Every structure is written in structure tokens, then in C-alpha cells.
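Down below are the structures I want you to see.
Each of the two complexes below includes chain A, the first together with chain B, the second together with chain C.
Take a look at the complex of A and B:
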């Protein structure tokens, strides 16, 4: 630690993955995350790691399945349309209880959409990145430094709970340059990945990585066992930042780069005497339900701000459960909300202070 | 006289395959080859989606079950993670030559040092007998009830010939297992394919013309006859690429 680098978010992501023991990266070009692959292609050959440009997003995620099944820390990255293509593989990885890290640098959709920043893949990330009953750990950094800090968390949690972890970033974070400090490079922990398909060496029974269970009650039980692990994740791994919330009457809720815009608006509101605060989920799954429910007890109202037509707002409303009003402000399609726009929404809620 | 016994390359699980299906023979050959080469302890197999999906219960080595068609990509990840492992896929024609064509072609052109066992029985077995990319012109299946009309459904694809054109392919041979001489040739080909990987020569594939009596609607003996009379003329047996001396790079 100590030395600061001025770095683009996408490059910082790649460096952080390597420093956390990821020696196998499988990618496919797509804007706005291509610098991740470019950085990996530059560094991996020099350190004995694997960078492979796959023939498709589908192939890339399946290469991750193969590598991670063999017990190594493996990663792929993409942006919205490419993440959709990966969803089949993500479902298999979840159903096979294999850990890995996936990065989504979100851009506007649906379809080919655009290449500007967006948060419109929140539902996909937190509810349904593939078919079947499963969850991902979803981490939503707000700064380039936080991307770096959360990369180790993502790999560690994926290994600990044997499930995929997703870093949910956006085009703004991927493309912006900020000063960052990196942790010392470390090897992937030599933990007991006794499930890994590394060859029996004639010393044990074969390991099988599999998601197929033709007996319905057996499949049900594997899913129940997995969901018991998800409960542990919910209890132990919620991460959230509360900013100026102690005496706040108007609580904003935002994640990722949007939260930085909203933080600015909260400061502007405070300067005008409005008691505003911000709750910033850092894990969007597991979602900081309790923090929000508690804040709703004393808040006059909540304002959710997203770069989408309103997706996380539904989780906020479930957490609030009628304790206070929840309103929404969003820009979408690649348009980033301005602090002034958010301030205007805060003022509307505060009422009479304009 | 040598004792006839089961290979240690297979587990004790009972095959689910239909009577007369040649999957069992090919499984045994792959198991015998792994045993004879002494690689069971470092072998990692990748099972497909299709009739062989439960191959992970049959091969006596570490196994990964892949999404439909993605076995070569999964195998690529496994081999890159641990190059000391001997990594093979076992795939049917729908898996390898339809939904997984891109993964097959690109693993091959990368010269990925893996071995592919490709079962070509000209039909989708597991889902109940639909047209495969390898279904012959005029062949009746559930989804070509009037026979495969090539003007609508296209032509049957010859994978070994196509893959042989790629620089990354060290070895591509088409064999069958319909009689004893051919079983022996098939085993030799499978052994050569694994040997190529052991020596780091590049991508190796053995295509095995196989029977599917159930979905062809034929008795096992008739199925063998049908394969010889109809499949071999369209899919000639033989070696289509051999760079096992020098390797592909």
C-alpha cells in the first residue's frame, strides 16, 4: 500500500483481480469494458497467467466454469448485452456450486442499447442472471478505489460460499480515471477446494462438478441446501454506507456511480438547511433491508435514484414496507442524473423549503 | 490366455444406454485407453448434454458436466487452469456440430491441447429422435417426418473433414464400432488422440459413427446394417488430419 496510481476503472479492476490471485481471465471485447481484456492481455503472459480471448461471451463464461472447477480463481468481464449471453453459463456455475467472479460494466439497454453508463441490469444481476432458483453475490462499487477494494472481497466471498460473485459497475466507473492504491499481490489462498477436478492422482474417488439431478426431490434438496448458504450470506455479508443519516428526514437511496451524484445533492440540500441523508448499498445482493427498514422508521420520506426506469426502488419499497413514502427519480438510456436534478427531487419531498 | 475383465477406466455404475446403442462400446474403449496410458489419475472428462450427459457417472476420473455444446470451452478452461491434466470431452452430434459448433471450431483452431470424442449417430437421441446436423438427406426423424429435405433443412455436415482444414488440429479421424475389426481401429484412434495430447501436439478428435436403434426405429442388427449402408458412404471412414509427428505449433 501507499503508492498511488492514476488509473482507469477498467484497468484498476484487472490489476486488482491479479493482485487477488486471479491468474485465469477469459474475455470477449465489448464497450465499455474492453480495457479489462486489454490490460489482462498485457500482463498475464508476463506473470505466467492465462489471458484468453474467447470466440464468444458464451465460450468465455464456460471457460471460467472449466477453470474454476479445477480450483483456480477465474474471472470474466463484459458489458450488458454480453452478460445476457453469459447467463446460461452463470446458471450452470451457480448450480454446480463453483466460485468465480464476473464483472458487468453496465451500459444502456435493452437490445444493443447504447454505450453510455446505465444501471438497468439491476434486476438481471440481483433477481435472474440465468434460469432456475439461485443468487449471486452482487457488489456495487462507487469509486475506482472501491472497485479495487471489493475485488478481493468478491473472490473471497465466492470461495467461502462456493458461488459466483458479480461486480456490478457502470460505464462511468469503467471509463473514469481516479487515483488508486492497491493491496500487495497475494496468491490465491491454498484453501481446501476438495471439490476441484484436479485429477484423482489415484488417491481419492472422482470429483464430479455437475448441476443435473433427475430425481426431483434430490434436486429440491440441493437447492434447499444452497439457499441455506444464501441465508448465511444474507446474515453475514451485507455491506452498506450511511451518509448523513443520523438526523435525516429525507433519506436518499442510490448505489454505484449514481450514489456519488446523489451525495453531492445531499450536501447541497444540507447547505440549504434540508436534513437529507444517503443510504448506499454496497452489496445489492444481499440487500441492506434492515438498514433501510430502520431508517424508514424515522424518515419523512425516501427518494431512490437510479440510472434506470426504477429497479432497485422495488427492493427499497419491500424493505420500507409502508413505513414511509418512497419516491423515485431516474435517468436512463445512458443519461446520468445531475446533482441539481436530484436536489430538486429532494426539495419536492422536503416540501415548502423551496 | 488373458483374463477378460472390466476396465478400471469405468466405474461400476450401470449404463442407462438403450440395447444396441454403441455408446457403451465407445465408453469402454475410452476407459481402456485411459487405463492403458496410465492417465486415469490426471484425467478430467467433460460430459455433454445429450445421451451421454451422465458420462460423469461412468468414467472413473474427475468429471465436469458442461452446458449444451460448451464442452470444448469448459475443457479449454480446465486445461488452461491445469495443463498437467489430460482433458477430454465426450459429445454427440447435436452438442458438437449444432449448438456447440463455435466452441468446437475455435477450440480446434486454437490448437487447444485437448481430446474430443465425437459420437455421430445422425440423430438427437436424448430428446427422442429429432433431426441432427448429421442427419442424412431423406432420413426420417421426428422433426423431418417426410425425410430430411435438404432444400429446407440443409445438408448433413461432415465435421472431421471440416476440422481437418484447421491449422490447430493435430489429429482427426473417423471410425466406427459396428464390428470387431472396426472396434480395434477405433481403439487405436482413441489411443492416438490421447497420446497426441500427452505429447502436447494440439487438438485431437475422433469421430465415431454410432448406432441409435431406438430412434432409428430399427433392431440392433438392422441398425448396424443401416449404418454401414447409409452413413459410411456419406461419412467415409479414415484419417483426415495427422500432425502428430511435429505437432501443430
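Take a look at the complex of A and C:
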């Protein structure tokens, strides 16, 4: 830590990846995350790393699979339509139990959609970024500094649990500049990647990285083993911020850039004497179910705010499980909700009866 | 003082660059800062704008919808944003490029013929910096010294020869008195 830089989120994430020992980046340009590739292309050749602009998103994610199979820290980044293209490779990576980091700077969808900020890929990120039974660790930063801080977390958790980690950002975070401090550069921890295909030197049996299991019971067992690890992730790795929640009657729930807007609205509500608070999931998988369930015990109502038609709200409802009402406010298609709009929704809830 | 600023104009007028200089004043003063550009198709020929927030406490929403300080460099941006300025706010605009009679009486209005001043003083293309000098005068959002330092930080090393004309433009705008 030390010097502060004024940097775009996209550039900060690239620098943070490098400082966390990621020396291999495979990408394909798409707005609003192209600065990640641009930064990598400038820096990687100077430090002996790999920057490769692949022929497509599908190629890039499969290059990540290849690099990760060799035991190195590897990363790819894209925005919503490009992430959809990567989904096959992500499923293979999850099925092969190798770690990697993927960045999604979300934009409006479906289809080519638009290029303005969105959070409409929540379901894709947390439920099904590809076929089959698997999960990703999904981290949702809300500031450029948090993007930097979570980059190290993403690589560390991916290595620890041998699974892909996804940074779920959006166009606003990618494009905005904020002051950031970086951690000291560290090498990727050398160590027990005993699965890596690094050559046997005639001393051990070859390692095989594979996601094909034709015997159903064998496949079932690999999936059960994987899910046992997911249980540990759920137990140990939930990250969540609670803001002004102690005496709050109206609890808002929002993640990423939207949480900043909502925090502003919570402050405005407090200034008007409404006891509002904010729960901000930092990991959206694993989801902070317990924090939300506990808050629901004493809240009069919850308000979920997203840049989508309502996706995370379903996880909130599952966590709340009927303990209090859960309402939703969202803007979508690239429109960012304003603090005033969110305040109006908080007031509606506060004015209503129990 | 907290800054809540929106700068808007055509792509190529240095709108994002102006915003970056303003953002750097916050960096120099060790405050919280956000700079958010429009990055849509408007960047490629239409109107471009950027939002800058500077505060002692963390920045919430980085999008400035209702600026306390509005800077406009073309007519479409003037029309689009003039009614969004909060009462008591300030609008600074380049009156060489925008011919307008603003009817609002609840904001302070600072027209400055920046493009003409730039051309008259051999500072072609530095109308934006002249406007920025006037913004400082109109709002006092930082000191002249800090704004000059921020400008120095934003002029890249390979364009170091442009620093002096930029500083001259800044001073010209700062010393201009609105009639």
C-alpha cells in the first residue's frame, strides 16, 4: 500500500491481477471492458507474461483452461454477450477442477443488448454459467478499490477450492476512475498444485485434466466431492457489508455499483427520520443467506434494488423465507436507478403498515 | 468544499480531459474522488459528458444528475442540462459556441467567450482550459495552485511543451470578468 492512483476500474483490475501473480491473460475485446485487455497488452510483454488476444471468446476461455491445467494463475475478461460465449469453457473448467478468474463487466442484455451498465447476468453468474452441476465463487465489488482488493481474494479462493472465481462488475465500475492503492506485487504462491500437468520427469504417473466421465457412478462421485467443497465455501467464504442496519426497520439489499446508489438513498432516508439500512452482499455466491435471514427477524420490510428486472431478489426471498415482506425496485437495459427513485421506494415501504 | 460537477460538450472538445483535471485536484487534496465518463455512442461524434464528485466522505452515486456546477461546451448540452442544475448552483458556458439567453434566476450564470479568447491569444484548442479557469473563479472549488498542479499532472510527458500554453489559458479564464 502507499501511493494512490486515479484509475479506471478496468485498468485497476488488470493491474491488480498482475500484482496477484496472474501472468497469463487471454481476452477478446468488448465494450465496456476493453481497457482490461488494452492494459494487459501494454504491461504483460514487459514483465515476461502472456497477453493473447484470441480469435474469439470461446478460444480465450479454453486457453485459460489450458494455462490453469498447467498450474499457473490465468484470467480472462469480457462483458455479458462475450461471457455467454465463454460458458461452455467455464463448465469444462469447473468440471476439470482447475482454478481461474473470470471478469464480467456487465452491460444491458439480452442479445447484444446495449453497452450501458447492467446487473442482468446475476442468474447466469450464480446459477448457471454453463451446463451441469456446478458453482462459481462470485464476487461483486462496489468501488474501484474493492475491485482491486477482491482480485487477490478471487485468485486465492479459486486456488484454495480449485474452482473458477468470477468478478461480477458492471459498466459503471469498469469505466469510472477512483483513487486506488495497490497491494505489493506478489508471486503466485508456489506450491501444492499437484494436479498440474507440468511434466512427470519420469518420476510420477501423468496427471490428467479431464471433465469426461462415462461411468455414471464415477461422475456422480466427482460431483458429490465437488459439492462437498462448495459446502466449505458456503461455510467459510461469505462476505457481506451491513450499513446502518442495527436499528433499521427498512432493510435494502443491493450489490455492486447499485449498492452505492442505494447507500445514498439510505442516508437521505435517515436524514428524514426513516430508519433504513443496507445489506450489501460482496459474495453473491456464496450468498449471505444467514445475514439476511437474521435481519428479516426484526425488519418491517426489505427492498431489493438491482439493475435488472429482479434476479437477486429471489435469493433474498429464499433467505427471508416469509419472515418479512420483500419488495423490489429495478431499472434495466442500461438505466441506472437514481438515489431519489430509491428513496421514494423506501418511503413507500416506511409509510405502509406492517 | 464538495464538488458535484457535470461537464458536457462535443466529443473532441476536451470534456473528459477537463473532468480529469478537476478529479486530480481532489487527489492532490487527498479527498474521495470519482470521475465517470459517458462511454456510449455519444463518444463517437455526438455529445460527451462526464460526472465528477469530490468529497471528504466516500462517494455514493458517481452519476451527477443534478449538478451544483454545470459546464457546457455546446448547444445540445446546454439545452439538455440547463434545467438540471440545482437551485443555487453555477453554470459556466462557452459563449462563443452557445448563443443563449438563460431565463433561470435561481442559478449563477457565467458565460465566457472562451473559444474566441483562445483564438485571439494564440491558444487554439484551449477554450476548454479557459472555461475551467472561469469555473474556478465562479466556484472556488479549489485553489489556483492546486488546479495548476492538477493540470501539470494531466499533460502527458511527451506533450510537455503544451503545459505553458495550458497554464496561460487557465489564468486567462480565471482572470476574465463576466460582464
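Note that in this section the second predicted complex is superposed on the first by the 351 of 354 C-alpha atoms of A that agree within 3 Å, B and C clash if a C-alpha of one lies under 4 Å from a C-alpha of the other, contacts with A are read in each partner's own complex, and residues count from 1 in each chain.
Quick note on the criterion: a contact is a pair of C-beta atoms (placed from the backbone, for glycine too) under 8 Å apart; a residue touches a chain by one contact, two chains touch by 3 or more.
None of the values given here were measured: they were computed from a predicted structure.
Novice: State whether A:111 touches chain B only (first), chain C only (second), both chains, or neither.
Specialist: Neither: A:111 stays clear of chain B and chain C.
Novice: Look at the residues of chain A and decide whether chain B or chain C touches more of them.
Specialist: B
Novice: Now for A:31: first (chain B), second (chain C), both, or neither, which partner does it touch?
Specialist: second
Novice: Once chain A of both complexes is superposed, is A:322 in touch with chain B (first), chain C (second), both, or neither?
Specialist: Neither partner.
Novice: Please indicate which partner A:210 is in contact with in the superposed arrangement: first for chain B, second for chain C, both, or neither.
Specialist: first
Novice: Go through the superposed model and pick first if A:4 touches only chain B, second if only chain C, both, or neither.
Specialist: After superposition on chain A, A:4 lies in contact with chain C alone.
Novice: What part of chain B is in contact with chain A in the complex they form?
Specialist: 11, 40-44, 46-47, 53-54, 56-57, 59-67, 70, 73-82, 84-86, 102-103, 105-106
Novice: Going by the contact rule at the top, pick out the chain A residues touching chain C in the complex.
Specialist: Touch list, chain A to chain C: 4, 6, 31-32, 115-116, 143, 171-172, 175-179, 260-261, 263-264, 267, 336, 338-339.
Novice: Which of the residues in chain A end up touching chain B in this complex?
Specialist: Its residues touching chain B are 24, 26, 50, 52, 54-56, 58-60, 62-72, 74, 88-89, 92, 96, 197-203, 206-212.
Novice: For the complex, which residues does chain C have touching chain A?
Specialist: Touch residues, chain C against chain A: 20, 23-24, 27, 30, 32-37, 39-40, 58-63, 65.
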